[in-house]
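Just so it is clear, A, B and C label the chains in written order, and each chain counts residues from 1 on its own.
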């Protein structure tokens, strides 16, 4: 080969085409790249798809029957009334809000406290064990939580507080708080971990105690991540379905006390969708609740994302 | 189309042919707008060892990356100007993977892929479609021998490449590059993480290889360039300050005072 | 020099107090759940038997076993995995191997967060609108599994992406520099070194999918069926929905029965999670690089 080349200097020009040609691997690579790109944007397609399809099913109702003022101000959710069905979602919104609020009162202090303990105080094996335990707690299915509310918590609340019904805001709130706390703990601990160790070392070198370091250095630096953790916890509580379906007592009313039964937005869809005829007003109304839920959780997640992005920019 | 033995068209550089393997015209490289290298013109001739010296941050590594088009997978890196490899501008190559397969690269820190020693060396032939065990055996043994590693690893070809010592891994990387059957071998400060004895062994390997392969040797050791390179370029702060016959540079025949200062160790 | 001693001692005391407070909070978070788990085991444990696992429900689901629900859950999870694993791996490959730092990547990441954050009942509505009605699958295993697949897609994506990104960039560059195409690099170097992490993610997804209830309620899971599904176009019973049904919808169910179902469900989920965690811990100690 080499001899040939020396005899014919022009060979170089032709031999490069022999080297530089597109082979099967080249085309395979391009093909795979297209497939992977489709996979890459699938999440966008699905989120759009969710919005499009729930809007499509709720659209007729929104156009013909939906009354924005009634939806947000009337506590009367009577979709099955044959004479005069009304679609006021206020009681459902209040139901969801009261349960989520109670859940956050339970979950925020405990999950932040646990995150600080696991992230800043605990060491070695204890720390690993606690992290794994928290991760396992986050995995308990919501229907099991609902069942716990229904069976164990219900009886406990009736005994402890001497109230007639144990299925109420308090029950669902505590259940939801216990459900959301492990996830919030994990996210909050990640936020604490993201604070560079140099910050801690610098503060400790100045003679600060561990707690002073946490309070003056770590917590302020991790602030955004902690806010995001709380927001995601709120989103989770807001969208939780099975546990609130089973533990709230399921009665449409504006509650007076924490021991009143309520009904949540999600639970309403879960309880009623099975009994509606496709295309009916009631069916459309439930999808409209879905649109509302979608938009609110979307905004919560977007805010959380923007808050987290705020950290990264710094 | 596939030849198991280490001999394919355009592969072997008959020394003294004088063909230019790499021709650089007015090359500039920047990362996200920050200039790393500017206005470089040079040619690398077939069969020579072309040395590049210069302090850290002078743009030597970027220069190598531009030749085998590693800028393609990096959104930050931007390359301007002409680079011709085997007579064709690297941006005009229809199959960039074919281009890369003709260029062997040895990195500063040895990268033993998490495969067995055998699979490390057999990877490149396999990528171009060599399947027969017998053919692969020949290539693996030959490349490991040329990289002066065969005697040390022949009894443990199945053990993990990344578990070899640093010096062995660096020779494994050279063997792997040779298995590509390249027209050009680019070494980027190969001795930075290996002991002096291994460095000398690898230098001996390179002296052997120069008869067959064109080599670009980027080095942080000026004396290494003197020992090995036919011609040497001096890069400083993204500028190619000087190119000349190595021996001439080291005997003081320089056009730019900075070159002499660097060679004589006054900075760097 | 020792002027500050009193202050130091006071600081130490404060620190100790906070430390104990946070420890108590952590325990308060974990203990109730452990007590609840214990109660489930005590009350549901006696229910678990071969008859319970492998026989049909009897007398209006107030007696007998839960076999069709258990099998149905296995069907639902399997079909969901077939749909979501390839898609999730492709999405993770895109994000880890191809995506640049640009707006599209940000939108994709936001979409993934949202997919995970949309309420499960909204996923159910989507399943009804898209798979049951629009694509005409009816209430079927297929419709329910696809709904579950989309809902749990983020689990696979996130776990896979993390394990792909853990493969050192130097390996890719070494492979590219040898003339490997991107796909050859992914197939020969990146995926083999990330496969265990990907498996961990899949196990985690199994556990998530098995426990979900709302998304399958109206898309393919039935309250009660006297027979087993024969194809993906049949509807099926499922363990999670079965727990909901017998604890809220059916009168006269003996108290221990739902405890048994809850225990079984939680055992499946926790065992899967534990396997996934153990796998991860084991791998961490056994890195090749």
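As a convention for this text, a contact is a pair of C-beta atoms (placed from the backbone, for glycine too) under 8 Å apart; a residue touches a chain by one contact, two chains touch by 3 or more.
Because the structure is a prediction, the values reported are computed rather than measured.
For the pairs A-C and B-C, the larger set of C-beta contacts lies at A-C. Averaging Cα atoms per chain gives one point for each, and the point farthest from that of subunit C is the centre of B. The distance from the centre of subunit A to the centre of subunit B, with each centre set as the mean of the Cα atoms, comes to 51 Å. With centres taken as mean Cα positions, subunit C sits 14 Å from subunit A. Rounded to whole angstrom units, the spacing between the C-alpha centres of subunit B and subunit C is 48. Of all residues in subunit A, those that touch two or more other chains are 25-26, 29.
Under the contact definition stated at the top, the residues of subunit B that touch 2 or more other chains are 97-99, 102, 127. In subunit C, the residues that touch at least two other chains are 181-182, 184. Residues of subunit C touching subunit B in their complex: 100-102, 170-171, 173-182, 184, 188-189, 192-193, 288-289. Residues 25-26, 28-29, 32-33, 35-44, 46-47, 49-50, 53-54, 56-57, 109-111, 113-114, 116-118, 121, 130, 132-137, 139-144, 146-148, 150-152, 178, 181-182, 185, 209-212, 214, 232, 235-236, 238-242, 245-246, 266, 269-270, 273-274, 278, 286-287, 290, 293-294, 297-298, 300-302, 304-305 of subunit A are the ones that touch subunit C when the two sit in their complex. By the touch criterion given at the top, residues 1-3, 5-6, 12-13, 15-16, 18-23, 25-26, 29 of subunit A touch subunit B in their complex. Listed in rising order, the residues of subunit C touching subunit A in the complex are 11-12, 14-15, 18-19, 21-23, 25-26, 28-30, 32-33, 36, 39-40, 86-91, 93-95, 97-99, 104, 107-115, 117-126, 128-130, 133-134, 150, 153-154, 157, 181-184, 207-208, 210-214, 217-218, 240-241, 243-244, 247-248, 255, 258-259, 262, 265-266, 269-270, 273-274, 277. Interface residues of subunit B facing subunit A in the complex, by the touch rule stated above, are 7-12, 14, 17, 19, 86-88, 93-95, 97-99, 102, 127.
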